[in-house]
Amino acid sequence: MSRINYIYHFNEWKNEFSFYQEVKVRFSETDMFGHLNNTVPFVYFEQARIAFFKEKGFMQEWVQKEHETMPVVADLQCDFMAQVYFDELLKIYVKVNEIGNSSVDLHYLGTREDGSPCFTGRGAMVQVSRKTGKSVPWTDEMKNKLMSS
Amino acid sequence: MSRINYIYHFNEWKNEFSFYQEVKVRFSETDMFGHLNNTVPFVYFEQARIAFFKEKGFMQEWVQKEHETMPVVADLQCDFMAQVYFDELLKIYVKVNEIGNSSVDLHYLGTREDGSPCFTGRGAMVQVSRKTGKSVPWTDEMKNKLMSS
Amino acid sequence: MSRINYIYHFNEWKNEFSFYQEVKVRFSETDMFGHLNNTVPFVYFEQARIAFFKEKGFMQEWVQKEHETMPVVADLQCDFMAQVYFDELLKIYVKVNEIGNSSVDLHYLGTREDGSPCFTGRGAMVQVSRKTGKSVPWTDEMKNKLMSS
Amino acid sequence: MSRINYIYHFNEWKNEFSFYQEVKVRFSETDMFGHLNNTVPFVYFEQARIAFFKEKGFMQEWVQKEHETMPVVADLQCDFMAQVYFDELLKIYVKVNEIGNSSVDLHYLGTREDGSPCFTGRGAMVQVSRKTGKSVPWTDEMKNKLMSS
């Protein structure tokens, strides 16, 4: 039941990533089982996602309190492939998998220093209005930026 | 792309839950968008899951360093249905959806004080050997305990 | 150098507490040394402090975005007296030690289920203007509420 | 009551730091007041402290489960000098202030990109036996390493 249903050919899927952020596993992110606690990759995904949106020029506006729209996470998932330990230097890759009208499906890949994958993930973000909470379609300019890698 | 693919009939699915843990949203769990940060429901899932395993009598052994086996999270997912705010009192429900040979698929539901759902989730756990890291089948006794609600 | 310089007579100091919040140590709050990570008591302090301010009737206004003032932490400290482990049920006590013009010095005590202390702490909060960032004096009504236990 | 009692001359004190770690403020580390949550500098202190001990050659042994000793935090404090916001790149400095028989008093300084201080801190660590929990004196070699900057 834990087949990774959002990846067809792992190597093709992996090769499509280029943007990444480096993170070093903190001591406080381990747990008493001696490895990275399973809740932390979602923190890494958020960090990589925000850096990705920042590069696209979106994040700067979204964090302005008076800006009309903000991004909201619709769903998130993570598949754990290998244990990760304290002080490891990971690369957290992120890419656009699919663009909807007002949403975007992002895929994630975490790799260790030897390049081997330790976890994968995905999740949809929706652009919503701060006032109404309703989804707000991407402009064509935003779509173009999201599509360019 | 954010359809909840692990839920068929929401009300039936919801009615099968009985075990839950209460959590109160901490100030430090909010973010600058003013609501619960999206990484925190996974912390709540872990808390509810562990309380659930504790009630089944499993957790006490798993946290013993010298115990042969430990539980490992294979995957996790969360679908966000409504914004959650500081100081809300949530119920985090957990139930067994499916039992494998050495794994178990758990489903989660978070509800607010008025009973409305705010997020759902699922994830598989695998029992592994601390020494080899390989999966270790459930005993019949464990399976029976997991199946009894 | 680790003498607790804000406590004179421990038993007298301890007996002055009455308000507390219960917290259960989460698995994700442990670290690979097998005990509660040292950064987490500050999360517990915040939770207890906010519940304390809520009981005084302050917090409800402070979390309103349009409210004129907000509380800011000036400093925090914690002295660790005993290791704390997964799943322990702690009481986190908080009391007013001293009231300044626009600030309040709060003291904290964490105890285990057997009543023994596991950590102590203190820290000053200042009421500041959201617009100017400058300190805003307590009203007499607020001072009275802070002084009543 | 929030005077920084462990700093005499701020500029002299500041100039004694050389070792630092860079951290970027994560979105999940902000809170609904729009700034870095006050519990997070302690996470940064731990990260800087561990990198510091790693450079000294201590940490590698301490994280071995079978190693005789481990470091334990005796106390921690932080003084907040300026609000810190999402995505800021901070330098977290750490230095030895004083060496005891089996303990070390570490001082911390957080600075923003323009070099201005945003928080300071200190805290004592004790080397203890994993078996007995009792303090274990530093060897002369360890003392020498701690004293060399």
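Note that the chains take the letters A, B, C and D in the order they are written out, and that residue 1 is the start of every chain.
Here is the rule we go by: contacts are C-beta pairs under 8 Å (C-beta built on N, C-alpha and C of every residue); 3 or more make two chains touch, one makes a residue touch a chain.
For clarity, every value in this text was computed on a predicted model and none was experimentally measured.
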Reference interface B-D: repeating pair among C-D, A-C or A-D with over half of contacts shared: A-C
Farthest-lying chain, centroid of Cα atoms versus that of subunit A: C
Centroid distance [mean C-alpha coordinates] between subunit B and subunit A, Å: 22
Chain centre separation in whole Å, for subunit C relative to subunit A (CA means): 35
Cα-centroid distance, subunit B relative to subunit C, in whole angstrom: 30
Per-residue multi-chain contacts in subunit B, two or more chains: 27-28, 32-34, 37, 39, 43, 46, 63, 86
Subunit C residues touching subunit A - in the complex, by the definition given at the top: 27-28, 30-32, 34-35, 37, 39, 86
Residues on subunit B engaged by subunit A in the complex (per definition of touch): 1-2, 4-5, 32-33, 37-39, 42-43, 46, 63, 70, 72-80, 83, 98, 100, 103, 105, 124, 126, 133
Subunit B-touching residues of subunit C, taken from the complex the two chains share: 24, 26-28, 34, 43, 46-47, 50, 54, 63, 65, 86-87
